[in-house]
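Input: structures, listed below.
After this come two complexes, each holding subunit A, first together with subunit B and then together with subunit C.
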Partner chain A sequence: MSEFILQILNGLDKGSAYALIALGLTLIFGTLGVVNFAHGALFMIGAFCSVTLSRILNASYVTIDPTQKDFLGNPLKVKSSYMESWFGPEVGGAITDWSVPLAILFSIPIMIVVGIAMERGLIKHFYKRPHADQILVTFGLAIILQELVRGFYGANPIQTPAPEALSSVAQLGGSLGLEIVYPAWRMVYFFFSLAVIGGVFAFLRFTTFGMVVRAGMADRETVGLMGINIDRRFTVMFAIAAVVAGWAGVMYAPINAPNYHMGMDFLVLSFVVVVVGGMGSLPGAVAAGFLLGILESFASWERFKIFDGLDQIIIYLVAIIILLTRPRGLMGKKGVMED
Partner chain B sequence: MTKNLTRRGVLKSGAVAGAGLAVPTIFTASSAAAYTNEPTGSSVTLGFNVPQTGPYAEEGLDELRAQELAVEHLNGMGDGGMMNTFSSKALKGNGILGKKVEFVTGDTQTKSDAARASAKSMIEKDGAVMINGGSSSGVAIAVQGLCQDAGVIFMAGLTHSNDTTGKDKKANGFRHFFNGYMSGAALAPVLSSAYGSDRNAYHLTADYTWGWTQQESIAAATEAMGWNTVNNVLTPLASTDFSSYITPVLNSGADVLVLNHYGGNMVNSLTNAIQFGLRDKVVNGKNFEIVVPLYSELMAAGAGKNVEGVIGSMNWNWQLTDEGTKAFVKSFGEKYGRPPSNSAHTCYVQTILYADACERAGTFNPCGVGEALEGFEFDGMGNGPTLYRAEDHQCFKDVLVMKGKENPSNEYDTLQILEVTPRAQVEYAPDHPMFAGGELGACNSGA
Partner chain C sequence: MLGLEKKDFNLLMVVVALSLFAPLILNIFPKESAFAFFNGGYPDLMQRFAIFGIFAIGFNILFGLTGYLSFGHAAFLGVGSYAAVWMFKLLGYNVLPGLILSVVVAGLLSVVIGFVSLRRSGIYFSILTLAFAQMMYSIAYSDLFGRWLGITLTNGETGLQVYNNDPQILMGPDSSTVPHIFGLEMSSRLTLPVGPWEFVFPVGYYFCAIFLVISFYLSIRIFRSPFGLMLRAVKSNNQRMTYTGLNPRPYTLAAFIISGMYAGLAGGLLASMDPLAGAERMYWTESGAVVIMTVLGGVGTLIGPVLGAGTIKYMENIISKMNEKLLHEWFSFLPESLEKAMVWSASWFTGEGWHMTQGVVFMLVIIFLPGGLVQGSNKLFGRRKRKSTDDAATKQPAE
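Entry: the complex of A and B
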């Protein structure tokens, strides 16, 4: 029983990342009609915002310690943290320890700038081009971005740990008499994603801006005829989608050490999530993200593993079945991406 | 002319016939040359085939640094590095056989097809007389086959699968790096001594040739010490999140987790295992332990604090204190400002050994060079007395058992040497069942 619950938690955790990325993809597709294959790169850039802030906060100055030797036998260069020397070991240490949560704020301006630059600088020129062109150009952009990150940060994964207080395992299932331990940070990630998803939905549902965007998603021309500059709002939505993907990456950094390729690892699966959820459907993207995350998790579990590699293809198998039985996906609407 | 003979038909037939005739000559030496890419000018070209992009690019970069250093030393520049400590004194610092050493590089991308394409290009277009390097067993086996067909020597880089010098061994291929069997033979006594002989091990294994053979080797070696293998789960190479594979370990009754993973897989699976509290877990009154049978410095740096206290094995490490290691670390450190990795050491040593074999054989002919390398015993290259066994072209030398350092003083100080396992302990018969199934075959010079 406890293993079953653990696999559900694993699935929700994986699903959180899928849902956040797919949510951004759907926002961009729903508003701008663009199939953005560079969206995984935004997730990766978000993770590297964590890495960058961690490096900034851990910036150090070098002093020479003549009593110790380096690998060449020269006096050892000892690094000391600026934070700790400025604020003392306790406060300075705490600031650096909480670099990942702090990166949520740090990433906002970066992701907005990257998102707007991406949309205004490149993608807007492809609004009226076929989807195949959009896929090619955004995929090319994704490769360029990941190679830039590799050139700057190297190809090795970079450990970016969660705060010490959230790095332990949470004891769950006590009231059920079950022994369930689960990494605290993964729980944080799940609840964080729920909060972000809830925030995006509330923004679209309860603000005037959101109402206009939803109206634009439903009928862009009519909204334009009413004198509303819907393009500008859609650019803002692109930036919001970039921030959502970036936050997904920021908080994912302690789960798996960021590397330049991580965006590509998530991109294809997230697209499948969007298609299964229904093109243009925000609730569909979120529901499919969690559903496919759980399915993937159970497919990795030996007890349910009918054959090796099932976990690698389960999402695609389910996608085929769903699209055969519900061609518009779980919550897709008529007329979206249809001639 | 019959009515069936059309213009289209003639063109198709011509193309097929042309391709058919061309295939056998792709890797054949020109009529004037005695063997593939026989150097005729004042220089000789070596081909360094390493991952320059992709997940192992950092490792490839370090291999490339070491190979460039080796070329410098062969051409008489720099301080000579390990050429000063090498027991063979055939090399004079004037290139190889009096020819200046030049090199070309290829990018394996850690993909077999890309690695074969880059090796083929270096052989056909650049005239490389040997291929050196790489960071994957799948790649090594693929390129080794190509070099056998092409008639050039292949010195494999970081390849740890038993198959490279087992069922997939080739007469033109040589491996300086150790293998899965050797890791098992070195690790098992240390693990037994550190954690006891009554242990239940759960294996997570990368689902390809290297993972399979390493798991088989570690399981056999630890079971011989009294350990029980509870389970072995194959994980796809493309996996990034191992949480679904780690959670079944929690209630499996296992008290040791063996991660037969390398590179990004290892960094992620170890990180996930630590996240799930395995290192702090107590099972049946024993502390839960994690073992990573194959370590590298770059991988340990990627795993960060997670490697603390975790035992594994290595081919070589810059912290060794023999004269060869000291000479290489000094040379490499002064040029690049960092200690060399064990894959850098392997590629450096292989370049020097290839050059030395050419000098001793008096030729670049791969069959002559192969003969000079077969059964060659030497010292001064960092692992004590070393043998390139003639029967399978596997190198035999001391193996290092490593442990993740508890309080590293800097970014290069991640691992400590726990034990230097003597060569005799990791040797095995050429017909050992784990290496059965292949034939070395005959050397191919391409003539």
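Entry: the complex of A and C
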């Protein structure tokens, strides 16, 4: 039993990442009608926001302490971080320790700027072009963004630790008589993604802005005829989708050390998730994200193993089967991308 | 001639001439001159021109004619390579059985993938082919079927290669131990020094070039055939085609299989030049690369894919060879601070930054020149006017 629950939990963190990226992809697709192959790059930029902030916060200067000598007899060089010297060792230490959660705030302006620049600067001109052109131009953009990151940060993965308080393992299910040991940060990631997904849904459901956006998704022309500037709202939605993808990356950094091609790796799977969930359906994207994440984790379970390596192809297999039996995906709407 | 109109025959002759004289054209700079760096006439690169030309021609038959954008064509290339290397392992180093098997295997695989994927169109088709290709990549990378059957099929991460203890049942005692065609080794070459120039005529390249010319000829025939017309009908208006009582699916499936076989042939040739096959050939960005080549050259044009493949491969080889030392040499005439700035900014796009150049070129082409190089040259040489009157005549459907 506890093993069973552990498999579900194992699937949740990857599933959360899939769900967050797929949510953003679906938002962009539903509002702007654009297939964005550069969305994985936004995820990667988010992860590198974490890296950058933790580097900034860990910046230190070297002073020479003449009173102490090292083992060669030279004056000892003492490294001290700016944070600790400005805020005192305790507060400063806490700030550097919590750099990843702080990067959530740090990433917001960056992702908004990147998102708006992308939409206004490039994607705007591709609304009326065929989908093939949209795919290709965003694919080119993804390559460029990826190379920029590689140029600045190098090709090796960069370890970015979670705060010490959250990097331990959590003992779960004690009251149910189950022994489940699970990394705490992954639980944090799961609840964080739930909160973000809930936030996006609430924003669309309960605010006037969200109402207009939903109306625009349903019938863009009529909303425009009512004198509402729907384009500007869609740009805002693009920025929101960028922030969501960025946050998914920020919080993913401690789970998997960020490298420059992580965006491309996640992108393919996220597209599969979107298609399985049903193009244009937000709940479908989220549900499919978690579902496929959990499925992947079960396929790698020893006891469940039908044959070796099933976990690496299960998502694709399931996607192919679903697309053939339910062409619109799990929760796809009629009339979306059916030409 | 050869069942072609005069215009197409001339185009074919251009391709024949280009591939025949490529070792001369690409070695235009004398060996010791400062520009020798830009010479592309070494065997490895020329072989790639021909092989990826074939790959792109095949891709263009699918994407250019039917408009179905496959993002998984690298799978066929990879499978073709594996098939060819297996033939080397089992039979011997003659490339002929390997090439035949690679085309057959890629064809069979494309029947399966095409049959399933072509049930959807548009973006769904792209993602289905992408999913299939990634699945094939995972299978090859972890040698899934091999482990399943208890043998080595793809040899996983290491890649498949020929070992000394392989059966190679057709190998005689004095057969050559590198890929050959009836004794003529692929790696052998004829070097011809002419004054300061040095021209290399490699056997492997000419072997590939023969296939390139045949592929090009076949693609012209397909473009001009009633079958090609049907494929264009799929692209321009699928629905209307259905209403006239035609079923578009057999046509698109046939196009998919043909382009899969082209890719398999390209994969087999890659393995024939260098008897290795690895899973990285099947990664999805490789599928993206062939899309880039085709689009850069000009989608739906005859010569475009060959030009695109040549341009991309040339840029890849030359640009990734440029290192910082070379850049310093080139910019040494500038004042030092300016030189440093130039080298710094150029190093983003050269050497390892080649992918950056690729992305930039690709985006510029899609944004400003959706018709690719062919359209660009038409504009440049003022053929636009005639072209546009042509288009006006053909693009007016009877409403």
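Here is the rule we use: the second predicted complex is superposed on the first by the 323 of 339 C-alpha atoms of A that agree within 3 Å, B and C clash if a C-alpha of one lies under 4 Å from a C-alpha of the other, contacts with A are read in each partner's own complex, and residues count from 1 in each chain.
In the analysis below, a residue touches a chain if its C-beta (ideal position, glycine included) is under 8 Å from a C-beta of that chain, and two chains touch if they have at least 3 such contacts.
It should be emphasised that the depicted structure is a prediction, and the values quoted were computed from it without experimental measurement.
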item: Partner chain(s) touched by A:324 [first = subunit B, second = subunit C, both, neither]; value: second
item: Partner chain in contact with A:135 - subunit B first, subunit C second, else both or neither; value: second
item: Touched partner set for A:2, first subunit B, second subunit C, both or neither; value: first
item: Touched partner set for A:199, first subunit B, second subunit C, both or neither; value: neither
item: Partner chain(s) touched by A:312 [first = subunit B, second = subunit C, both, neither]; value: both
item: First (subunit B), second (subunit C), both or neither touched by A:151; value: second
item: Partner chain in contact with A:76 - subunit B first, subunit C second, else both or neither; value: first
item: Touching partner for A:88 - first (subunit B), second (subunit C), both, neither; value: neither
item: Partner chain(s) touched by A:109 [first = subunit B, second = subunit C, both, neither]; value: neither
item: Subunit B/subunit C common contact set on subunit A; value: 147, 150, 308-309, 312
item: Complex interface listing, subunit A residues touching subunit C; value: 35, 122, 125, 129, 131-133, 135-137, 139-144, 146-148, 150-151, 264, 268, 271-272, 275, 279, 307-309, 312-313, 316-317, 319-320, 323-324, 327, 337, 339
item: Subunit A to subunit B touching residues, read off their complex; value: 2-3, 6-7, 10, 13-14, 68, 70-72, 76, 79, 147, 150, 154-159, 161, 167-169, 179, 181-183, 185-186, 255-257, 259, 261-262, 265, 296-298, 300-303, 308-309, 311-312
item: Complex contact set, residues of subunit B against subunit A; value: 53-58, 207, 231, 233-234, 236, 238-241, 243-245, 247-248, 250-251, 264, 267-268, 271-272, 275-277, 298, 301-306, 318-319, 329-330, 333-334, 339, 409-410, 412
item: Subunit C residues touching subunit A - in the complex, by the definition given at the top; value: 63, 67, 69, 71, 116, 119-124, 126-128, 130-132, 134-135, 138-139, 141-142, 144, 147-148, 284-285, 288, 291-292, 295, 348, 352-353, 355-356, 358-360, 362-363, 366-367, 370
